[in-house]
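Each structure below is given as structure tokens.
Look for chain A in each of the two complexes below; its partner is chain B in the first and chain C in the second.
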Partner chain A sequence: MDIVVSVKTNLDLQMIRIKNREPVLEAIPYKTGDLDKNAVEAALQLRDAVGESKVIVLTVAESNRKVRETIKEVLAMGADEAVLIVDPALESTDQAGVARTLAAALQKIGSYDLVLFGEGSSDDYSGQVGPRVAELLGVPQIGYARQITAGGAGVLVERSMDEYIETLEAPLPAVLTVVSEINEPRIPSLMNIMKAGKKPTEEWSLADLGLDPAAVASSCETLSNLAEEQDRKHIMLEGGAAEQAAGLVNALLKEGIVGR
Partner chain B sequence: MEKVDCIIVGGGLAGLSAAYGLASEGLEVMVVERGDYSGAKNVTGGRLYLSPIRDIYPELWESAPFERPVTRELVTLMGDGASTTIELASDRFATAPHQSYTVLRARLDQWLADQVMEKGGMVITKNRVDEILMEGDKVIGIRAGGDDIGADVTIIAEGVLGLLSSKVGLREQPTARDHALGYKEILELPSSVIQDRWHLNEGEGAAHLFMGEVTKGMMGGGFLYTNKDSISLGIVVGMEAMRERTEKVESHTLLDAFKELPHIRPLVEGGTLVEYSAHAIPEGGIAKVPKLFGDGYLMVGDAAGLALNALLTVRGMDFAIASGFYAARAVADAKNRGDCSAAGLAQYEQSLRSSFVLKDLETAKEIPHIMENPRLFTHYPQAVSGLLEKLYTIGPHPSQKLSSTVIGGVRKDFMNARTLKELLAMRKI
Partner chain C sequence: MADILVYSEKQDAALELAFKGKELGAALGMGLSAAAFGPSAADSAGALGAHGVDRVFVSEDPALEGLGVDVVAEALAQVACEAGATMVLIASTRRGKELAPRLAQKLGAGCVTDVSSLVLTDGSVVASRYAFGGNTVARENLTTESKVFAVMPKTFEIAAPVAGAGAVVQAALSLQPSAAKVVSRRPKDGDAVNLDAAERIVGVGRGFAKRDDLGLGEELAAALGAELACTKGLSDFGWLGEDRIVGLSGAKTKPDFYLAVGVSGQIQHTVGISSAKLIAAINTDKDAPIFQLADYGIVGNLYEVLPALVEKLKAL
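Entry: the complex of A and B
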């Protein structure tokens, strides 16, 4: 069973600070998507359970440097090969563009039985890319997988819905997105990290996939990306302690913070 | 036990410099850094002297993320209620190649880690080395995250406290007497404001040191370095001096008071605090440099005590980079000869001895003793400022002759047996 896992590299959101209501993005380290690591772990477990399988990690980025650490990390976890789609045109793409790129890459890879995604990325969390890729490839898709077992016609998948668990069966090839509860991603050992650099890694441009930069251009334009402005109420309470306390209670009641 | 050519314990400037040299030679290098990224746990006051290391890795410095070349040097002797500032504006410092640059470690170290990886070295962050593995007197590798990994040579670049190396007896336990505490704030200010406030041309920088009242007379001083869009403002104070002081002070109150001084407040006004950091600094001088190499290991940078506080110039990062460079050369040669024993690595110490690293430390060997004299931080800043204050004062009463003010002041504060003895001692530095 050949399993392809799509992984995304994003900025470490915890390191971003806001200045003049805009995010300061300079010198922010990159991070592998949290749920993407769950997807990699799921693929590794499936590979080891089924045998005769390999795990290919697939990523897209505008520069090689951006994804270098991420690819090293997931290869160190145990993935067998990596395919990087690197093209400057991917700097200003959107979910649709990424999905087109991934679908074209999967067609070039040719043989795959399962394509795994995290249910959403750690930054945008749109949850669109997995389903879009399935649609472009014309294969079945199951979202929110909390357990994946090879068997039946292909795979048996437990889906984590809010109030219940749904069990579905799908023929292969299929696209699955996973939720965090599916597993605990392994932490690679130092030696595995050292060896990760020597695993087979392919790097393709958009042209290698027969894609025009226009095909990945974002259809949306960001007009403004400002942090919410928090303004204080500037209410000064006068008088003695009892008077101030009464004033505070009144103010809180008026705001609906207490006494609802 | 799985094995690599060389393990480097710590991904600061010394470790990364060694890794860069080794990776350039095509050796298999594993740098293990516990921080989230290189530079995450490192602190500098703010300045790297590039002159001594310009010819080491000359290809690197063109693209290095330096902040500003230092073209204005200031030092302030702070007495009680009066201070004297000496400024050096040097045309030579203002002309390229510049001798020193202000830097921010989060940027500089990450960049150097990138250069190491470009050369094929592996920098593994978020992983802590738990132990240095020994076989008799020989270092054979490390233990990290439950795994034992062997190496022909382990380069110890673990930083100032040397916790791993002292645990296995490769150096002494750190003592308060040989260390200072440095702490600082990074305050963000627009580039144009920095240039206006410090009278700088576009892109140029200032370095300003403070002695005396700023540390309440304890060994140490204050510092202020201008970066591109921020300033680094902080204090260094001797740990022993802090401990011995009868009237205890909390270190952070010194920095708060420093910022509130009438001549500092307008400089930092409107600055946004974006980072606060603190670190120990080696101050022991050459007397405290441990054995630099042995069977299967070398010590570099702060871990080897390679830092030099000479009052007006404070250095460490240039020593770190140079020691990493010489360590890489020694390891590459030892690997070529197939001899990673102490004898095979001895070249490392020889290169340090014939380079500025150990020569400058040797030249400055008396400085730690001189700096232990508290009068350097109490009497002298006060005496200089006190005398100048008298000279500038016009009171309601008839003034003294200028010469008698000067002679009187100099006689009272400088021409006494104790001061003469101290000044004589200072010839040694």
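Entry: the complex of A and C
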């Protein structure tokens, strides 16, 4: 089985500082998408369960510097090959552009049985890329997978919806998106990190995929992107536990939360 | 005249969208259509028609059974074409959130998901959504002719029913059954809780060392008349159900009071509490980010502070 995992490199959001409501993005490190690592882990487990399978990781970015560590990390986790689509025109694309690029790359790769995504990226979390790729490829999609079993000519997926757990069966090829509860991604060993650099890695530009920059131009204009204003009192209640508890209860009385 | 088309598999959510669709349509000179699929389509059509929708396109095509996302997307694309709709509003439930981009791709449309407000600005509909993991709110303007917005449920109210009914149109659809078959479906475990409507919430996090210790949080919630909620970190342990998660992938709450106990305050959690009127936090770490959002902060051990709090509250 040929499994392709689509992996995004995100800003490390824990490191973002807000200054005058503006996010300060300078010198923020990148990190591999959290759910994307769950998707890689799911692919590795499927590969090992099915046998005679291959896991290819696929990523799209405006520069290869941005994705270098991500690719190293997922190859060290155990993916077999990597394909990078790198082009400066991707600097200002949107979800539709990323999806079009991924779909074209999948067509060039040629053989894919399962294409795995995160249910949302760790920064924008729009959840658009997987479903858009499924539509472009004209294949079934199953979102929010929490368990994946390969069998027969297809795949059996248990997924987590708002109010119920649903099990679906789909023929291959299929697009799946995963939720975090599906597994605990493995942490690569030092040895595997050393070996990761030697795994086959391809790098293609948009031209290599037959796409011109206009094909990935964004149709989503961001008018502003500011932190919400929060006006909080920041009153720290001092003393021992009993004193602090009394302080909070008094505050709640004063605010009209209790004792009404 | 172009139309706005609203759809959700959940009737209440569809009515919320109809409320906003009506308002936007009036301002933009657009009509309002809705789609309703499956065995309950006729009922939904009645409700939508009574809430200001001009035309409700219904279909009970057997291919729509199970609401496979590929089929629903195709059905909506065909309805959009029949209705002449250039703007589609969908509720951002899990189902809606995977449907909206697939539909958008069919329509060649731009799409914004998890929309928290739709505002008409200089003749364009501007959608707000959290970006950078919740650190910021981005205001997005789609430049495509067709637009798809997936809006968070409970963003808009439901209007009172109006006199007169919309027209019910049998949609002329040509559909193939979904490639993905539903094998089974079972309700999620755990008692249902509605955090969206809660007035007071005690949110518990991984500061609790053992599952059994959550009893302390429950006691405090009872004393405050509050619902118990949690972080994703805690729910991932399996200690509380997913429907109690607050944050980016859980409920976006608007209570009068939120008390965070043993919660670090990562942004993915705090986006779900930032609309609370009053926030208090109890955490052993004085540098925990939750304190930046707190009106009242207690640097302390929850195992000491909670029993004291319960005692004081009970004495009121």
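Keep this in mind: the second predicted complex is superposed on the first by the 228 of 260 C-alpha atoms of A that agree within 3 Å, B and C clash if a C-alpha of one lies under 4 Å from a C-alpha of the other, contacts with A are read in each partner's own complex, and residues count from 1 in each chain.
Assume contacts are C-beta pairs under 8 Å (C-beta built on N, C-alpha and C of every residue); 3 or more make two chains touch, one makes a residue touch a chain.
It should be emphasised that the depicted structure is a prediction, and the values quoted were computed from it without experimental measurement.
In the superposed pair of complexes, A:20 makes contact with neither chain B nor chain C.
Of the two partner chains placed by the overlay, only chain C lies in contact with A:220; chain B stays clear of it. Within the superposed three-chain model, A:245 lies in touch with chain C and out of touch with chain B [touch as defined at top]. Contact with chain C, but none with chain B, is seen for A:169 once the two complexes are overlaid on the shared chain.
Of the two partner chains placed around the shared chain by superposition, chain B is the only one that A:197 touches, whereas chain C remains out of contact. Legend: residue contacts after superposition of the two complexes on their common chain; A:65 is shown touching chain B, with no touch to chain C. Between chain B and chain C, C contacts the larger number of chain A residues.
Chain A residues in contact with chain B (one complex) as well as with chain C (other complex) do not exist.
Remark: chain B residues 2, 4, 28, 30, 32, 36-37, 106-107, 110, 114, 117, 120, 122, 124, 127, 144-145, 147, 149, 188, 272, 274 touch chain A in the complex. Chain A makes touch with chain C in their complex at residues 11, 13-14, 16, 18, 23, 94-96, 99, 120, 122-132, 134-136, 139-144, 156, 160-171, 174, 177, 180-181, 219-228, 230, 232-237, 241-242, 244-249, 251-253, 255, 257-259.
Remark: chain A residues 12, 17, 19, 27, 29, 65, 68, 187, 189-191, 193-194, 197 touch chain B in the complex.
Listing the residues of chain C that touch chain A in their complex gives 68-70, 73, 93-95, 97-102, 104-106, 110-114, 121, 126, 129-133, 135-144, 178-188, 192, 200, 224, 232, 236, 242, 248-249, 256-257, 266-267, 274, 278-280, 291-301, 304-305, 308-309, 311-313, 316.
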